[in-house]
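One structure, as structure tokens, below. Some questions next.
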């Protein structure tokens, strides 16, 4: 079995007295398509924030390629091969679509590259790359527009494109399908399949279960800050604890009644 | 070129350079209300280097620019500990302290000011200004310029994109200090004297207004803003007091009509689209 | 004894800064708006008060108490000017952009009003300082080697009354609770059923009143007014507010007094032009160790510009 690209060891996090994550452990295998699901407030976004280094965990460790990330500043992590998107879109409102996407290239190495007057050159490798990916997402028409004025679904996709521009090996997506219609969701799934085929590992938080089921082969389920299931996607549908978390006490009652 | 025109253009050139000094920090998301302090540092550094230490004009201007950069670099660390209004007012406090120190220093001439021996003419000022404009346009078109604008929009996300926010902000203060210092040195050489009363709080306010009224979204803003503020008063040939009154009215109206500044991204995009319909650049 | 006298003078000066600093801190705390018209509101009250008592009041009101109604009208004018500013800066941009504090728009607009008011007065009266005469101009109280003028006592009493009145207002009344709730958390205030929009004009009336009173006190106390009087006092009051911490009324009171004391003592020990260094240097050093001032609320004034 290959080494996990991401390993969480007993991660805990609390805000003041409120425990938001408790003893969360699981592995994300390199090359896998891994879903992280759970009811609202389960702590999924908080876990993403811990992984990407927005704040450190209060307990436990986060390991990328076996390397403990404790003390690695958040801005270095994208360069180590890990990029993410945000649940409530965080694009730069005053930058155009291409500029937002090109910001994703910032972590690539090379000081000289940062001194290249990309904005003045009629043609550059950086811009071409950005335009190419935008094209593949059908976003070409928007490239010059300022992001603040674009519809939600479009901005959602731009966030994914921006994260991809960093050429990550591990892509963390926080509810990428939220707000997309069914055709857009299907297109996003196909695209992520393609990304995955190129060897990028996906860790996806998503509420849309059909989307999760058609994309991911592995699922981790969280509830109240704890990991309650970790295994093949198919298994989650039969797991007692998972059903309980999603369907609540009603299900439990129903289950005992039936017994 | 008449002497009067030459004078107006020289002031315009100095103001443009000064405004770009303030713009560089504003583009990275910090309002610098201490412009007068940075300009005073450049002007007095030039006076000391040239008058007291006998440096040549070019080396004096270069060193005065570096002095502005150094002070901008050093002051960035304490100032960046604060945020928002606190930071704006910390920069203001910095300028007040600089002016206070000059006022109380005998070597710097106190309230009397200092007289320069060497002079520069309008073309020298204008060429320098052109160089500064070109430099800022270049800088803002690089990935570093993009990172500055990202820091302006959303610091936490810029950080996750790999941008070193702190380095960008410190660099913005240092390079902003350099340009403000450069404008101060040119001021000293052009007018032949420096006096501390000139570097007052209103100067800081005005240069920030050049930038905010011009617009911070593109590198055009400070150029247009400084031109607007320098040339309109000259065009309105009326008493000094009336000029400022009309200025006040213009500022209030401008915020109502174009709150994001005279030059915005949308405006540029529209102009570009009209001039070059098939342009692939976005 | 000399030093005690200086401390007294510092407190008197600080009393004037307090009024203006509280006006600044209320607008920042409640509206997140650095209102740069505050220095000219202060100046307007003093200059209008002076010009009415100098040129005479209608209805034979001038004698013998001409200075008092004149200052009263000056204060009312400051309040009216403050409401004009409210209409065209804060309220206008709030209606247009939702978030009125975005892009420092109201701040820039208030700088415009600063120029408008200041240069209107300059055009009307020129830039020379003018003497402001009160009947007890040279009556002094002397005891134990200290000299205190009647106007100083008067202004101390008024300053204390302002502070007491303000803390009563903030603590005891419905309006005060609404003001404090809004200052601490505007979103929560909306949820609590406070109509923030109705609070806004109140803040501006209070701003005008506080600045007007401070301007009147300045005129009586120093017997002199000028179109520039607001610049120095206004910036020093800003220093006081920052030292006390944005949004904190008690902080502004403490900060105003600290600045007044620092200024007089610094002038006493290091000469006339030294106060600029000590006051602003103190502010810089304080911010280095306490980036939110002495009593500042964590969230206030730190939002993006």
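To keep things simple, chains are lettered A, B and C as they appear, and every chain counts its residues starting from 1.
Just so it is clear, contacts are C-beta pairs under 8 Å (C-beta built on N, C-alpha and C of every residue); 3 or more make two chains touch, one makes a residue touch a chain.
What you see is a predicted model, and the numbers here were worked out from it, not measured in a lab.
S.K.: Count the C-beta contact pairs for B-C and for A-B, then tell me which is higher.
M.R.: Ranking B-C and A-B by C-beta contacts puts B-C first.
S.K.: If I average the Cα coordinates per chain and compare with the overall Cα mean, which chain comes out closest?
M.R.: Central chain is B.
S.K.: Can you give the whole-Å distance between the Cα centres of subunit A and subunit C?
M.R.: That gives a centre separation of 51 Å.
S.K.: So, what's the distance in Å between the C-alpha centres of subunit C and subunit B?
M.R.: The separation of the two C-alpha centroids amounts to 30 Å.
S.K.: Could you give the separation in Å between the centres of subunit A and subunit B, each centre being the mean of its C-alpha atoms?
M.R.: 42
S.K.: Which parts of subunit A, given as residue numbers and ranges, touch two or more other chains?
M.R.: Not one residue in subunit A touches at least two other chains.
S.K.: Using the touch definition up top, name the residues of subunit B that touch subunit A in the complex.
M.R.: 137-138, 140-147, 149-150, 152-154, 156-165, 217, 265-266, 269, 280-282
S.K.: Which residues of subunit B touch subunit C once you look at their complex with the stated criterion?
M.R.: Interface residues on the subunit B side: 29-31, 78, 81-86, 88-90, 92-94, 96-97, 99-101, 103-104, 110-111, 201, 205, 209, 212-213, 239, 241-242, 244-245, 247-252, 254-256, 259-260.
S.K.: Can you tell me which positions in subunit C touch subunit B when the two form their complex?
M.R.: Within the complex, subunit C contacts subunit B at residues 28, 34, 36, 88, 92-93, 96-97, 103-106, 108-109, 111-120, 122-123, 231, 235, 238-239, 242, 246, 270-271, 273-277, 279-281, 283-284, 287-288, 291-293, 301-305.
S.K.: Of all residues in subunit A, which touch subunit B in the complex?
M.R.: Going through subunit A, the ones touching subunit B are 52-54, 74-79, 84, 86, 90, 92-99, 102-107, 113-120, 122-123, 126-127, 131, 143-144, 146, 162, 166.
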